[in-house]
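Per-chain residue numbering starts at 1, and chain names A, B, C, D and E are given in the order in which the chains are listed.
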Amino acid sequence: MSRKIGDVILDLQNISLRFGGVKALTDISFDIREHEVRAIIGPNGAGKSSMLNVINGVYHPQEGKIFYRGEERRKMEPHMAASTGIARTFQNIALFKGMSVLDNIMTGRNLKMKTNILLQALWLGPAQKEEIEHRRKVEEIIDFLEIQHIRKTPVGRLPYGLQKRVDLGRALAMEPQILLLDEPMAGMNVEEKQDMCRFILDVNDQFGTTIVLIEHDMGVVMDISDRVVVLDYGKKIGDGVPDEVRSNPEVIKAYLGAGH
Amino acid sequence: QAKEQFFPVLVYRTGAYGPNGTPWANGYVDYLKLVNAKGGINGVKVSFEECEFAYATDRGVECYERLKGKGATVFQPLSTGVTFALTEKAPVDKIPLVTAGYGRSESQNGAVFDWNFPLLGTYWVGADVAIQHLGKQYGGLDKLKGKKIALVYHDSPYGKEPIPLLQERAKMHGFTLQLLPVAHPGVEQKATWLQIRRERPDNVLLWGWGVMNSTSLKEAQATGYPREKMLGIWWAGAEPDVKDVGMGAKGYSAITLQHGAEPNSKVVKDMLAMVHAKGQGTGPKDEVGSVLYMRGLISAMVAIEGVRKAQERYGKGKVMTGEQTRWGLENLNLDDKALADLGFAGVLRPIQTSCTDHMGSPWARIHTWDGAKWNFSSDWYQADQKVLRPMVMSASTRYAEEKKITPRTPEQCKQ
Amino acid sequence: MIYRENGQFKTTYAADQQIFTIAQDKWFVLGLIAFAFIGVPMLADEYMFRAILIPFLILSLAALGVNLLVGYCGQITLGAGAFMAIGAYAAYNFMIRIDGVPLVAALLLGGATTAALGIVFGIPSLRVRGLYLAVATLAAQFFCDWAFLRLGWFTNYSPSGSVSISNLSAFGWAIDSPVEKYLFCLLFLVAFAFFAKNLTRASIGRQWMAIRDMDVAAEVIGIRPMWAKLSAFAVSSFFIGVAGALWGFVHLGSWEPAAFSVDRSFQLLFMVIIGGLGSIMGSFFGAAFIVIMPIFLNQALPAVGSLFGIAISTAGVAHAEFIIFGSLIVFFLIVEPHGLARLWAIAKEKLRLWPFPH
Amino acid sequence: MGFFFETLIGGLMAGMLYSLVALGFVLIFKASGVFNFAQGAMVLFAALAMARFSEWANIALGGDSLFLANLIAFLGAGVVMFIVAWIIERLVLRNLVNQEGATLLMATLGIAYVLEGVGQTLFGGQIYTIDVGMPKDPVIMFESLFEGGIMINKEDFIAALIAAVLVGVLTLFFQKTPTGRALRAVADDHQAAQSIGIPLNRTWVIVWCVAGIVALVAGIIWGSKLGVQFSLATVALRALPVVILGGLTSVPGAIIGGLIIGVGEKLSEVYLGPYVGGGIEIWFAYALALVFLLFRPQGLFGEKIINRV
Amino acid sequence: MNAANATFLNVNNIEVIYNHVILVLKGVSFSVPEGKIVALLGGNGAGKTTTLRAVSNLLHGERGEVTKGSVELKGEQVQAMTPGDLVRRGVVQVMEGRHCFGHLTIEENLLTGAYTRTDGKAAVQETLEKVYNFFPRLKTRRTSQAAYTSGGEQQMCAIGRALMAKPKLVLLDEPSMGLAPQIVEEVFTIVKELNEKEGTTFLLAEQNTNIALRYADFGYILENGRVVMEGAASELRDNEDVKEFYLGLSSSGRKSFREVKHYRRRKRWLS
């Protein structure tokens, strides 16, 4: 299957976000195209995670406009963002600790489940059928991420790396149009990162999902992203294809260091 | 087992009301021991078992279920809440319920409440006597007109029981009744007493139990309300209620359930000689004869006398069933002589029960705390049957309708 | 039969979504239910029914409700006693004000009323959380205590404030004897436990747990916190309300607000914590522990005392009961902080591996 | 008008008395993240110890000096509270490091049962008196300004002063000393605190001991007001709205919360109560706290509840 | 191993069980010589964190237990010690997943790190300055509550907090996680600097094998709760398997992440 990068799906214009005196984001504009892998990089505390939080409605920027599929998006709560097809993973793993891997991923199907509470209480036909139908989808994701063996394990007991994978699985279960990944490969070794890259690229390929990726491993970023935004101290200092960014002197100074 | 008459003893020696429940329980148990020391009820020895329920209704019910299986004669829970719950169960199990000085006032009507025996006095008696006493102090009931009387009460069915009667009396005599509820257990009454300070009622009726009583007295002292103007019900007129306040409670009066502290009565002397001297006393010696101790003791006495009466009909020297005891309780006739024989001369007035009157004696008097002990300070009062009776009848009729009970007719009563 | 899941392959997702995925579990629980319906009525005496089994069943039902809210949705509540009271008084009023309303309908309507009020009292949870919420729910508790005591309408203007219900019957079945009362409660409990289990393994249950474990993340994947929290309040209140109505109607017969005091709220919360938060089974364990243990100690201690020739006074027994009960709570928590249900699960896990240690 | 002030002052002083109990909750929560359900039981236990010790000391001294007897009793009760703290740490807390709030709450419930049982077994379950010479009669002030003057309860006034001093000292301790900082760290994350060498065992003994002393002071004041008996443990319920209104983690919050609750509930009972049948103060206090929480979910002075991804 | 260096830490065949039933470490042994940097490598769930917890005695709070084997610190058994005792002996752990005190400010976090020190305020202040020098970013955020700082800032804070104790042995659990490449490099430079100048010993669990092996002296590779390979860092770096699985290198240089195959050959040590 071949990817075709399409039109702009999400357009951020002049976004500014402050917390009291802290300016997390200052006047940032960039866009995200359909089907592309868009990376956001920058030093610690640059505002990358905050940017994702703005995109899916956890933070509300004081200034700026967001256009989603050409329409301006007004005040947006996270669950509304979710229902418009934006999913994400978290930098500090935010899995549901008390639930099994399977249940965690099943929560991702929540938006797609329709039966009412009464049917669920009685476990009547439609509820059961729906449950099985979604279970099938989730099993596909589990197979895809190669985590069959831990299906029933409570996520709290899993090692860090696998938790990250489950986190990804939960986001995938939403069948999102845009998938926001916040350092999905932190705490993994090369082998595992390779696996993770493969998953991300496959998702991007097979379902055409647009991906926004924050990552500190430059190898990964340069290899798999189509375009890269660079933030520093809440300001945008670079934007372009990987090679362009890599040679941008400002980026080198602020982030990459001489080694790269 | 067949040779012994079993008395279950529901007690609360712990928990919020433990300090008040303990002397009552000691008196109750001591009297049972005394009966045995005197040779039992016509030779039938008495056995008993305590069950602690900490004044919690559901634990009280558990105790009831547990002890009833052991062949209970009568139950006396010393808790209005448990009484309400058992009122539903007793008819099924056929065990009489003696509630001396508490419980539902309308259960005086034995034609409806077959199994309830509020012997010696109900709250309506207490409330009625209180008003009579206040009237007398002002020089006649008509002088109550325009007076303001505050009722500081435990916010529970117990505390609410007197309200209908007081309202009735207020209508009759034209005084205003101010209601001031205090939440369980009653340790916070500042707002209540601020209101009293503002409204300056002419008298305060105290309808508390346990720590609420001493707290009220302390707050009265702290707000400068004269204790002489306060009158308590018999559950607010014992040593634990005032001891801790000491001189601060001087002048405070309470209605008695006929008896007060009776250290000089014959029964107390017997008790000391026949039970405590042998080292079989339940509680400390200096408690014997105190108000709540006497209350427990008398409660036990009426139950024993019920059994004795029953034996007259169903066979002396036999163990009575609950049903037989019920008959005994319903036909009690303790005149002055009988009481004197039992050692209660000067402590109680005669008690005579019947099918329509399960209370047996509507008398009470007042005693006053002098800083160290309780002293009687009034003559006997008799609750006014003209006021009481209609209320008892209408309330019990209403209950009968609700529960679809047909009251017993006088003929049925005879059986 | 050895407790093993080997050889039990599931070929469909439906099979894997059964309540009990291991056959032995299923047979065990079915056997237990059968025993409860058939064996217990033959074995137990009246005291067992009235003083232990019926309270146990009803409080288990209430604990189940509390567990849905606290254990599954993570909203700590100390208002459970109030909800029981609402259920009881609402059912009472349906019973006496509507002529000929059937008992079961009155009970369920009591539950429904509680559910509606549960939503109202649940609204603060949208803003306030954790222990703050727990303490704030006491407002509901004390308000209800007060309202049922003070507002005569609820008690049909009974002068003492105490109400009573008798002559229960459902579908022409007069529920008089302790056995019948027991079976009646048992039917309710089994049905409701089944509902609870279904809810917790369905999408709504997952929403509750998600909110409990990490509410921001839950919102990000599209769960509406308001819906999840308030539905949990409603369902849980429904359970608790029905339990309250049963408590009043079947167990006590006559009650006053003190029967549903703040102590009851605490008691219910403790049941679910000691039994195991987020576990249906745990609600039963917790209720059993908290209902039966004190009674057991109360009866066993004098016996043990007399064994050594010591006569313990009633007060002494009560105090010793406190000490032992408290120590047992601490002991079990140290052995397994997640409650008795988890202890049970670990035991099963060990059994599965047996005779190997790991 | 005079009456209004009287109610106001009465409320303020009642509030201070609640603060004293609330303080115990705050201390332990702040230093270990445990919501100490046993605080009421600790108050009862300490008061029982105090009452009985002073009774015994008084007998031993031949009833000569009440002051000396009380002093001995106070020290004795202090030692007892230290031992209690030590045992609790040894047998309970140590084994529950890093567990969730609900588990710890439950454990403190177990502690409460044990304390109530042991306390009454050791010291008895009847009513005892603590007489530290608190004046019991009221004083009337400002008689020239208001009709009837304003009545002030001397006992409450002294108690309020003591509470204020205690809170002041503890506030300084928490905000300004390294130990205070360490305690706050423990409350945030037991494990991380351990990892940097904060000895959980010792800090817990210290905190529970301080809370025990606070309970002792509360016990003395409440006990001399109410008499020492079982119901003393229930004053904890009155202190809870104070704790959440002020914020679970704020020592000064306990005072401010106490004042607001005290004034709120007394004014409501006196001015609103009569219209609805009275007895509203307890739920009103909780409702009042709840209203404040809707605006500040962490209480007036509590640390902001951190909620981010 | 270099005989000139005394063994600082010796871990002897330990077995760890969580929750009474989950066996995680199945006999792990290794030793850390004084003044060296030792790296524990291994994939997710290999047991690195568990090993570090076993050393610092933090297992207890996770309901884990060392059921066999022993941990010795300079010949002294540590099983019976509290984590506090260990810190006083100079062993400090930087926990995986940061674990900053969320309600405390960055500066307060750092200061609590010096809790066990007794050498006076001035000395603590000096170390504080040093830490701020290492991580200037922390200085700018010193008054923010830790919970509101970014992931990387928290990581710096956690490392800085451990350094505040002036430790002799630092157990670093994934120090590079979530840090920008530049900072990662800096962290390791700091490690090296402390190691060389102050003789601090380091035991680090790290996924970033590349950089870990560059700075470490020795390495152990854990897999599935067992040590599967050990040796000097330089040796490990040259091992074929390590190259392929841990460094992402193949004979033709670094592989692109875009072109990884779905199936790879099995690791040799597994067979």
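Just so it is clear, a contact is a pair of C-beta atoms (placed from the backbone, for glycine too) under 8 Å apart; a residue touches a chain by one contact, two chains touch by 3 or more.
These figures come from a predicted structure and were not determined experimentally.
Participant: Hopping along touching chains only, can you work out the least number of steps from subunit B to subunit C?
Facilitator: Contact-graph shortest path, subunit B to subunit C, evaluates to 1.
Participant: Among all the other chains, which ones are in touch with both subunit A and subunit D?
Facilitator: Expected: C, E.
Participant: If you average the Cα atoms of each chain, whose average lands nearest the overall Cα average?
Facilitator: C
Participant: Most remote chain relative to subunit D, going by C-alpha centroids?
Facilitator: The chain lying farthest from subunit D is A.
Participant: So, comparing C-alpha centroids, which chain is the farthest one from subunit E?
Facilitator: Using the mean of the C-alpha atoms as each chain's centre, the farthest one from subunit E is B.
Participant: Roughly how many whole angstrom separate the Cα centroids of subunit B and subunit D?
Facilitator: Taking the average C-alpha coordinate of subunit B and of subunit D, the gap between them is 37 Å.
Participant: How far is the middle of subunit C from the middle of subunit E, if each middle is the mean of its Cα atoms, in Å?
Facilitator: Those two chain centres are 47 Å apart.
Participant: In angstrom, rounded to a whole number, how far apart do the mean CA points of subunit D and subunit E lie?
Facilitator: 44
Participant: Please tell me the distance, in whole Å, between the geometric centres of subunit C and subunit D computed from their C-alpha atoms.
Facilitator: 32
Participant: Pull out every residue in subunit A that's touching 2 or more other chains.
Facilitator: 58, 90-92, 94
Participant: Which residue numbers or ranges of subunit B touch two or more of the other chains?
Facilitator: Residues 13-14, 18, 22, 155, 181, 183.
Participant: Residues of subunit D that contact two or more other chains, please.
Facilitator: Correct list: 120, 125, 277-279, 282, 308-309.
Participant: For the complex, which residues does subunit C have touching subunit D?
Facilitator: 70, 76, 124, 127-132, 135-136, 138-139, 142-143, 145-146, 149-151, 215-217, 220, 262, 266, 270, 273-274, 277, 315-316, 319-323, 325-330, 333-334, 337-338
Participant: Can you check the complex and tell me which residues of subunit D touch subunit C?
Facilitator: 35, 91-92, 95-96, 99-103, 105-107, 109-118, 120-121, 125, 237, 240-241, 243-244, 248, 276-280, 282-283, 286-287, 289-290, 293-294, 297-299, 302, 305, 307-309
Participant: Spell out the part of subunit E that touches subunit A in their complex, as residue ranges.
Facilitator: By the definition above, subunit E touches subunit A via 18, 22, 41-46, 49, 96-98, 137, 141, 144, 148-153, 155-156, 174, 177-185, 207-210, 245-248, 254-258, 260, 262.
Participant: Enumerate the contact residues on subunit D facing subunit B in the complex.
Facilitator: Those in contact with subunit B are residues 3, 6-7, 10-11, 14, 120, 125-127, 129, 136-138, 140, 151, 153, 155-156, 225-227, 229-232, 234-235, 238, 265-266, 269-270, 273-274, 277-279, 281-282.
Participant: Considering the complex alone, what residue numbers of subunit C touch subunit E?
Facilitator: 337, 346, 349-350, 353, 358
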